[in-house]
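Read through the structures below before going on.
The following pair of complexes shares a single chain, subunit A, combined with subunit B in the former and subunit C in the latter.
Entry: the complex of A and B
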């Protein structure tokens, strides 16, 4: 088991490095940071001075390793635009994103797993159709529209929650629903498929023949086996959510890491983008790794590979 | 464990804070929404309109332009005189204090000006300051500004974007310190800054109020709410008292509800199509032909777009500047909508079946698409390339574009030098590269005689219209939506002076 974890960990590190190098090169290809930093009406001399001052004239590899060495010690540099340390800014904004990500995932699991199980327990009945309906609608509604409808109903008309911001904990409710609902369909369909598979297995018939309570068969015996692929999927989705949702953060004025990433891209703010890309890919890789380990623990057959 | 600590750090304080927020007239808090994150509160380190607003609230400039009469009056300076054509001497006001108690004197002025003109310090609004060569202290309350050649628009800049920083404080905390705790002399002091997200201004009770009045509202609470629909929802909920830049259709609906005040006011921002007359995208580019450029001018139904899509006080312009700006000649060649004439001109230029080209734009997509439709009607197939502003600007500087739909707000500078000269004096975004026009503008920018300036600008703008270098489109207007108890009159320079806002 230890060897398995060490191997996966090594692979994850390699992936993280590759992602950061590719994104670094792409960012430099996408735009000239010196022109955007120099500002409006800057002369060619000023632009050249900026280029030299920030070292954009050095070879790409040199710039990359310089950045990487400092990044490894936690120094992501100063944002070109906010003129404040990137690490402090990211540290301030990540918790918002992580909070709605975790809440959204919680919401998605609470909605998707029970409905998925029920849909599998009563296949091709009105229960299954309703679950399918929830999934299809969740897949089809664009987040920005869903978010606005919720704001109109629950904030403007009913006055139950604030429309934007996080001045009160109630401000997290609507973003949680929008983000969570988006992740619901995939988890629900996978739960249903897994459950259908397991429910036709012999041991379930045995369990029911023994006279066990039906609910206990469903949730205790069947779900445990059906949940393995769901764990992998949920981990990947949580990785996505921690990368921030530009749409949800922008509608609800949450100022999380996703919105910060969007703003820094449109402003060519390289240090901020680089730090965020590294952190987002770490999340993604970390959660995938966690899912691998979790699955290996659940199913010893996977450890061999 | 991790999650629990996240909850503890984020949710708990949020719960406690919830009882403190929300306000309005009762608590003397004016809630305002910014549409985008302001990167840095120091006006020299952002190029955003929001930055200009904070600049006017927290800091002071040496002079002040009365928004009603347009005349310059003293602010941090009390008197000023041109010693020669490149030296301006200013006498400074005594007894003014910065928000941290630091006394204002000549050192602050000299420090600020020399700091922002030094390329090393990375001032982002070069157009505002690149006319200054240096500043020099004469005595404690007298300074001299040396300019790079005669620059008559100097007073306009000294009354607008050039604000004065406290030298001792600034040197001590640096750019990074100022980013979270800026200090000025203005009618409001900055109480707190969460970079990009949230700004709280408090009334400065000791404001010297020589030109700008003392503020009346105690607290201005500014939050960044990027989504226009969410801004509307917050207005409905009474948690925002004032927003601007509201799209025309939404403003109409809000006005009909009767709960809000909706005011439409013109701005200094002009829209234009820049045509590649200099052939920077290729010498064979059709835009190098005068007849093609004229055809494009005739093909665009500007009045139709203004009436159908922009509404309010937006209006068609014919000259390459905003009509309220000094020197903006109005008696120039006009191109009324005439698609038949456009087709005839294209045929004459050798394009009887039209041609296709890339059309670049960065905002107002519906307007860009309307213009592309009109070009298609005369046979020009324009492919829309919709980009971020910074990326488009970079492309225009590096490679040029055949045709770009651009806008320019002149940084609220009411002088033609802030717009026509910015785009026709062989700068990076000059698509005409016409030496005659550049020479005329240089003459206008460099003369101290008002009539001489007007004459030079008039000739330049007449040539620009005759040669159809641009398609001057329209001036933008802005819709302000405010709560029923807010008293505020918008000005055409689109500058929201927080100290001019009061409760009804």
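Entry: the complex of A and C
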């Protein structure tokens, strides 16, 4: 088990290092950062001064290691646009994103797992069709449009929840639904497929033959085995949700990290963009690593491979 | 082959050609046909846009701003009304179909080439090659696609070409994963061993034996990733960092209509519904192709 964890950890670190290099160099491909910092129409002397002051004249690799070392100690530089330290800004905004991410995942699991189990328990019935319907619609509905429609219905027409902001907890309801519904189809399909597999196993027939209650067979015996692949999928989806938070936070005007990403990107604020791309990637890598370890713990067969 | 229902015209003793079996299966698959018809219609509308659109989608008529669509008491002159600049909404919707389908198709093709190459190489050679492929896939998955796409468009400008390229270079992960496992299965087959014994070159085996046998899975992923690219383009345009105005893009139209959300919600309902129906149709088309080409043919 320890060897397995060490291997996965090493791989995750390697991925993290590569991602950090990509997110660093990606933003240098667009042109000279000194020019974009100095602003449009700056004189050559000003640009040269900026280049020297910020060290843009050094080789790219040197700049990268410098940036990485600082990033590791939590220093992502000063935002070009907001003129405040990037790490302080991100730390202030992350809790909002993490809250809607966790709420969204909770919503997705509560919707996807029971419907997935029921769909597998009653295949090719109306229950199955309805579950499939929920999944197909969830896959096709653009989250930004879904969010706007929910605002029109529940905030404008019915006045039940605020359309934007997080002054009260009700402001989190619509973002939770939009973000959660986005993750639902994949989780539900995997739950259903896994349950269909497990339900044809001998030990399920035995459990039923013993006269155990059908519900307890479904949720205690079958789901325990079917849920294993769902764990890694949920981790992956949680990572994707952070990316999706850009859209959701901009619709509901939630001032989280996703909204900050959109603000910094539309203002060419390189240090903030770099920091956020790196941080979102690290979350994804962390979640998937955690899922791998959790899976190995749940299913000893995985440790061998 | 006895479990495949024969066409009534053909005597039961005759061997039915595989393409005919597929067509028969496709015709009986209701959701596939529905998806096929809807996608086909949108594609036709996109192709024939200059002849179908009643007005120039870019022509502003400031005297006829915000005319309501017919179903909301508007006039037949502008069936779907006009936007805040007095441009005919129906014409913009028709030209918007072009943008969506073009971006979806080209981006899916680019990512299909990248992902299939990686997946087939990893699945066929295994070992170190496979480890490298899986590593590249993990790196790609760790990068937040929406953020990277937004950043690239912000840095390089929001032309159609930039949007198509960035989506094409971001959405290949599923191709790589699915093609890799499909190739691994094909790799075990006797005909691959036979080709190797006969002395066929690796390139020939990959091209002539592996690729044709993973093609069904590839087509399914192409349709699903096309939907993915269309939805992402709309999201980017909605955030103002995709296709730029005045180009008619459904995502951009929703973004422009957002300003009038409280009073004229039809401005976002129409393009959103079109987007939703198109994506739904592409998805059920993809699911349908998977069902039809599955060897055992479920249901």
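Everything that follows uses one rule, which is that the second predicted complex is superposed on the first by the 299 of 305 C-alpha atoms of A that agree within 3 Å, B and C clash if a C-alpha of one lies under 4 Å from a C-alpha of the other, contacts with A are read in each partner's own complex, and residues count from 1 in each chain.
Keep in mind that, in the parts below, contacts are C-beta pairs under 8 Å (C-beta built on N, C-alpha and C of every residue); 3 or more make two chains touch, one makes a residue touch a chain.
Quick caveat, the model's predicted, so the values are computed rather than measured.
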item: Subunit C versus subunit B on the shared subunit A, clash or fit after superposition; value: clash
item: Contacts of A:16 with subunit B and subunit C, given as first, second, both or neither; value: second
item: Touched partner set for A:250, first subunit B, second subunit C, both or neither; value: both
item: Contacts of A:43 with subunit B and subunit C, given as first, second, both or neither; value: first
item: Partner chain in contact with A:259 - subunit B first, subunit C second, else both or neither; value: first
item: Subunit B versus subunit C as contact partner of A:87, first or second or both or neither; value: neither
item: Partner chain(s) touched by A:225 [first = subunit B, second = subunit C, both, neither]; value: neither
item: Contacts of A:98 with subunit B and subunit C, given as first, second, both or neither; value: first
item: Partner chain(s) touched by A:53 [first = subunit B, second = subunit C, both, neither]; value: first
item: Partner chain in contact with A:164 - subunit B first, subunit C second, else both or neither; value: first
item: Stretch in clash, subunit C with subunit B, out of 20-28, 56-64 or 182-190; value: 56-64
item: Doubly contacted subunit A residues - partners subunit C and subunit B; value: 31, 144, 148, 151-152, 156, 250, 266, 268
item: In the complex with subunit C, residue positions of subunit A that touch it; value: 11, 14-16, 18-19, 22-23, 26-27, 29-31, 136-137, 139-145, 148-149, 151-152, 156, 236, 239-240, 242-244, 246-247, 250, 261-262, 265-266, 268, 273, 276-277, 280-281, 284-285, 288
item: Contact footprint of subunit A on subunit B as seen in their complex; value: 3, 6-7, 9-11, 14-15, 17-18, 21, 36-37, 39-40, 45, 47, 119-120, 122-127, 130, 175-176, 179-180, 194-197, 223-227, 229-230, 233-234, 236-237, 239, 388-391, 393-394, 397-398, 422, 427-428
item: Touching residues on subunit A, where the partner in the complex is subunit B; value: 31-32, 35-46, 49-50, 53, 78-79, 81-85, 89, 92, 95-96, 98-99, 102, 144, 148, 151-152, 155-156, 159, 162-172, 250-253, 255, 259-260, 263, 266-268
item: Subunit C residues touching subunit A - in the complex, by the definition given at the top; value: 135, 138-139, 141-148, 150-152, 154-156, 227, 231, 234-235, 238-241, 251, 254, 258, 261-262, 265, 268-269, 272, 275-276, 279-280, 282-284, 287
